[in-house]
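Each of the next two complexes has chain A plus one more chain, namely chain B in the first and chain C in the second.
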Partner chain A sequence: MKTNDLILQTATKVVVFIIILFSWHLFFSGHYTPGGGFIGGLLTSGAIVLLLLAFDLKTVLAFLPIDYIKMTATGLLIALLTGVGSFFFDAPFLTHTFSYVDLPILGTTSLATAVLFDLGVYLVVIGVTMTIIQTIGETE
Partner chain B sequence: MNNLIILPIIIPLFTAIILIFFNKNIKVQKWISAIASFAGIIISSVIVQRVHESGIQTLAVGNWKAPYGIVLVADMYSSLLVLTTSIIAFTSLLFAFSTISHDREKFFFYPGVQFLILGVSGAFLTGDLFNLFVFFEVMLMSSYLLLVLGSRKIQLQESIKYILVNVISSALFVIAVAYLYAVTGTLNMADLSVRISEMGQSGYITVLAILFLIVFGLKGAIFPLFFWLPGSYQAPPTVVTALFGALLTKVGVYSITRVYTLIFYHDPSFTHQILAWLAALTIIFGAIGAIAFWDIKKIVIYNIITAVGVILFGIAANTPEAVEGSVYYLIHDMIIKGALFLLVGVIIAITGTSHLRKFSGLIASHPFLGWMFFIAALSLAGIPPFSGFVGKLKIVQGGFEAGEYTIAFIVLMSSLLVLYSVMKIFIHGFWGEPKEELLVQKKSPKGLLIPIVILIALTTAYGLGVEWISPYISQAADTLLDPTIYIQAVLKE
Partner chain C sequence: MAFQLLLNFFLAYIWMFLSNDYSSLAFFKGYFFGALILFFLRRFFKQRFYLLNVMAVIKLFFLFCSELVKANIGVVKVVLSPKLSMQPAIFALETDLEKDWEITLLSNLITLTPGTLVIEVSEDNKTLYIHAMDIDDVEQAKLDIKNSFEKAIKEVSR
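Let's turn to the complex of A and B:
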C-alpha cells in the first residue's frame, strides 16, 4: 500500500529550490569565504536526493533527464581544459589568472579562471554522488 | 616552464575522459585508446631524449615556485620508467583488444586502463610527497576497478582482500606524511632532503624512514608484506595481471628507491641494512613460491616478488655498480613480466587451463609460441645475451663491493631457482606428448602474439644493445647516487 506523503512532497517542492540556491551561493563564494565546488556539489546532490526521497526514481529522472556518468566526464573535461588552457599563454599547466571586470548589475567583480576549474569539480561531485545513489537505488 | 613533461599525465587523463563518452561504442574505444597510448610512447621517448641532452626537466605546476607549489620532476630514472610504462600500456592494450569480453569493455575497461596509466606515470613524475600519495590513490582506485570488473566469485573475494590491504597502507602513508610534515614543515621531496640534511638524521627521522619502508613495502610486496599479492593477482584476466605485475609493484619499488636515495640516506648502516635483509628474505620467499606451484600464473606471480627483492637489494647495497644494476634490472623486469604474463595468457587461451599437469606437448602445435617462451624464460633468469644479465651482474658485483657476500650469493642462487621455475613450465607444458583434449582446441592465437613479439624483441634488443643504452642508465644512476643533482634542478640554487 502506498502511503500518502503529501506533506513531504509539498515541503520538498519548496525546500529543494532553497537548497539549490544555497549550494550555488556556496559554490560562487568559495574564493573568499568557506565554500567551493566540493561542498556546493554535495549540497546540490543533497537537493536531488531529497527529491528522490519524496518522489521515486522514475519521476525524478523524468524531469531531470541527466546521464550522471556523462556529467562526471564533462566535469573532468572542464577541469582538465582549464589546466590545458594555460598552454596557449605559454604558462605552466594549471596556471590560473583573474581580472576585475565591470558587470552590468553586480558592479566591479573579480573573475578568476579558478572558478571554471571549480565548476568542473562541482559537476564531478554531483555526477559521482548521484551515480552512486542511483545505482544502489536501482539494484534489487 | 616546460609543459612537455606533464603530457604523459594529461594524455591518459584526456583519453580516459573521452572514452567515458564512448562507452557503448567499443570500436571507437579501441582506436582511441590505441592511438593515445602510442602517442604516449612517442612523447615519453622525446622526454627521455630531452633529459639526456639537457639534464633534469622540472615543471612548477600553476607557476608556483619549487618548495611552495607542486613540482613535476623528470630525471632520467623516472622518464625511463614512464617510457617503459607506456610501452607496457600499449602492448597490454593490443592484447586486451582480443581477450577482454564485451561486457567488460562496455563497463569502462579502457577508461580504467587509462586512469591506471595516469596514476603510474604521475607517481613516477611527481616531486612532491603528498602528490605521490594522490597518484598512488588514482592508480589504486583504477586497479580496484580492473580487479573486480567482471565480478566472478574469486574476483569479488580477492578484491575485498586487496582493497582492505591498500586502504590500510594508504592510511599509513597519510600518517607517515603527517609525521614528516610535522618534523620538517615541507612536503617537496627536494626541500625535504635539504632540511633533513641540515637538521641531521635523528632517531625520529629514522623511524619515519622505516614507516615509509612499511608503506611502500605493502604496495611493492616486500617480504613480510607480500601476503596479499599472489591471490589478488590471480583473480583478474591475464592482461590485467600483466598490467599489475609490470607496473603496480614497480611503483612501490620506485618510491622506496626515491625516498631511500633522496631523503633518508644519512644513516645507511641502519635503514639500508634493514632494507638489504628484507630484500634477501623477499628473494627467498619469492623463489620458494615460484618453485612450489604447478599453476603457471602463480609461478610468474611469485617471480614478481623475487624480482622486487633483487631490485631493492641493488638500492640497499648503495654502491654505484649496484644502483646502476638495479635501474637496469627494474626496466628489464617491467618488460619481461609484461611479456611473461601475456605468454601465460596465450597458453591459457589455447589450453583452457592454467594447471601445468593438465597439458603438455604444446611445442608440436605452437612452435613459435614455445620458442618465445623459451627466450622469455632465459631472459628472466639472466642468461648472458638477454636483458636480465647486465642488471643482475652489476647488482651482484655491487653487493660484493659493499661486503654483503651472503645476500649477493642469495641473488645468484635465486637466478637458478627462477630459471628452474620457468623451465618447469617449458619442459612440462611444451615438451612431451600432446594430450588428447588439446587437439580439439587448436585455436590460432595470431592476434595475441603481436604484443608479445614486440615485448620479446624489445627485451632482446635491450640485452644486446646494452652498450647503446648504458649512457642513459648511468645518467639515471648518477642522479640516484648524488641527491644534490636532483635538489639543484628542483630548487634552482
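Let's turn to the complex of A and C:
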C-alpha cells in the first residue's frame, strides 16, 4: 500500500538543512573541539540518507545530481595534493602548517592546511557512504 | 523566495547557537553556510535559488541608474538645440506583467526616465498609455522598454 508521505517530506525539507549545517559546524570545529572531517562527512551523508528515506532514489538524484564515485576521487586527490604540497617547501610528506591571515569581514583567522586534508576526508566519507547505500538501494 | 530567505535567517541563528557565539560575525558565517546549503539543495524548492532574485534587483537598480543618466543627456540635447524639431507622441504599450506591483514599478520606471511619461493604465491592466517627448519610431521605443525594463522586472519576480 502506498501511503502519503506529506508530513515526512515537509519536515525533511527543513530538517535536512539543519543537519547539514550542524555537520559543517562539526567539520569546522574539528581543530580545537570534538568533530572533524569524518564525523562531519558521516552526518552530511546522514542528511542525504534522510532525503532518500523521505523521497525515492530518482527524486534525490534529480535534486542532487552528484556522482559520488567522482566525489570520492576528488576527496582522495585533495588529500594527496595537500601531502604533496609540502614538497614545495622542502618539508617531509604530509607536513602541515598554519598561519594567521587578515581576511576581509572575518578578521584575523588562523588558516591551517590540515583543514584541506580534512576536506578531502569529508568528501571521501560522503562519497563512500552514499555509494554503498545507493548501490544497495538500486539492486532489486 | 520569502520562505528561502526565512530559512536562511533561521540557519544563521542555529549556527550562532551551535558555536555559542552571538556576534554579527557568527551570524554572517551562519548566513553564508546556510546560503551555501540552500544553493546545493536549490532544486528542492519550486522557486529558483533566492539570491538570484536579489541579484536581479541589484541589476534592475543599476539598469535604472544608467538609463536615467542616458535619458537626461538626451533631454539636455533637446533643450539646448536651437531648432524645435522634436516629435511628441502618445502610444500604447501592451505589457505582459500581471501583478500590481510589477505594473506600478514598470510605469514608475518609465516615468522617471525622462522623455517618456505614463499617462494611464487601462482598465484590465494590460495596456500602458505612454507620452513620449521626442520619438522617431514607435515600435523601436516599445521594443526598448520591453527589452530593458520589462525583462528586468520579470527577472526579479520569477
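List of remarks:
One rule holds in what follows: the second predicted complex is superposed on the first by the 139 of 140 C-alpha atoms of A that agree within 3 Å, B and C clash if a C-alpha of one lies under 4 Å from a C-alpha of the other, contacts with A are read in each partner's own complex, and residues count from 1 in each chain.
By definition in this document, a contact is a pair of C-beta atoms (placed from the backbone, for glycine too) under 8 Å apart; a residue touches a chain by one contact, two chains touch by 3 or more.
Please read all numbers here as calculations on a predicted model, not as lab measurements.
Of the two partner chains placed by superposition, only chain B is touched by A:F87; chain C is not.
Contacts of A:T95 after superposition: chain B is touched, whereas chain C is not reached.
By the document's definition of touching, of the two partners only chain B reaches A:L76; chain C does not. Contacts of A:V14 after superposition: chain C is touched, whereas chain B is not reached. By the document's definition of touching, of the two partners only chain C reaches A:H25; chain B does not. Of the two partner chains placed by the overlay, only chain C lies in contact with A:F63; chain B stays clear of it. Comparing the two interfaces of chain A, the one with chain B and the one with chain C have no residue in common. Of all residues in chain B, those touching chain A in their complex are 1-3, 6, 10, 13-14, 17, 20-21, 23, 59-63.
The touching residues of chain A, counted against chain B in their complex, run 69-70, 72-73, 76-77, 80, 83-84, 87, 90-96.
Contact residues of chain C toward chain A in the complex are 7, 11, 14-15, 18-19, 25, 28-30, 33-34, 37-38, 40-41, 43-44. The touching residues of chain A, counted against chain C in their complex, run 13-14, 16-18, 20-22, 24-25, 29, 62-64, 105-107.
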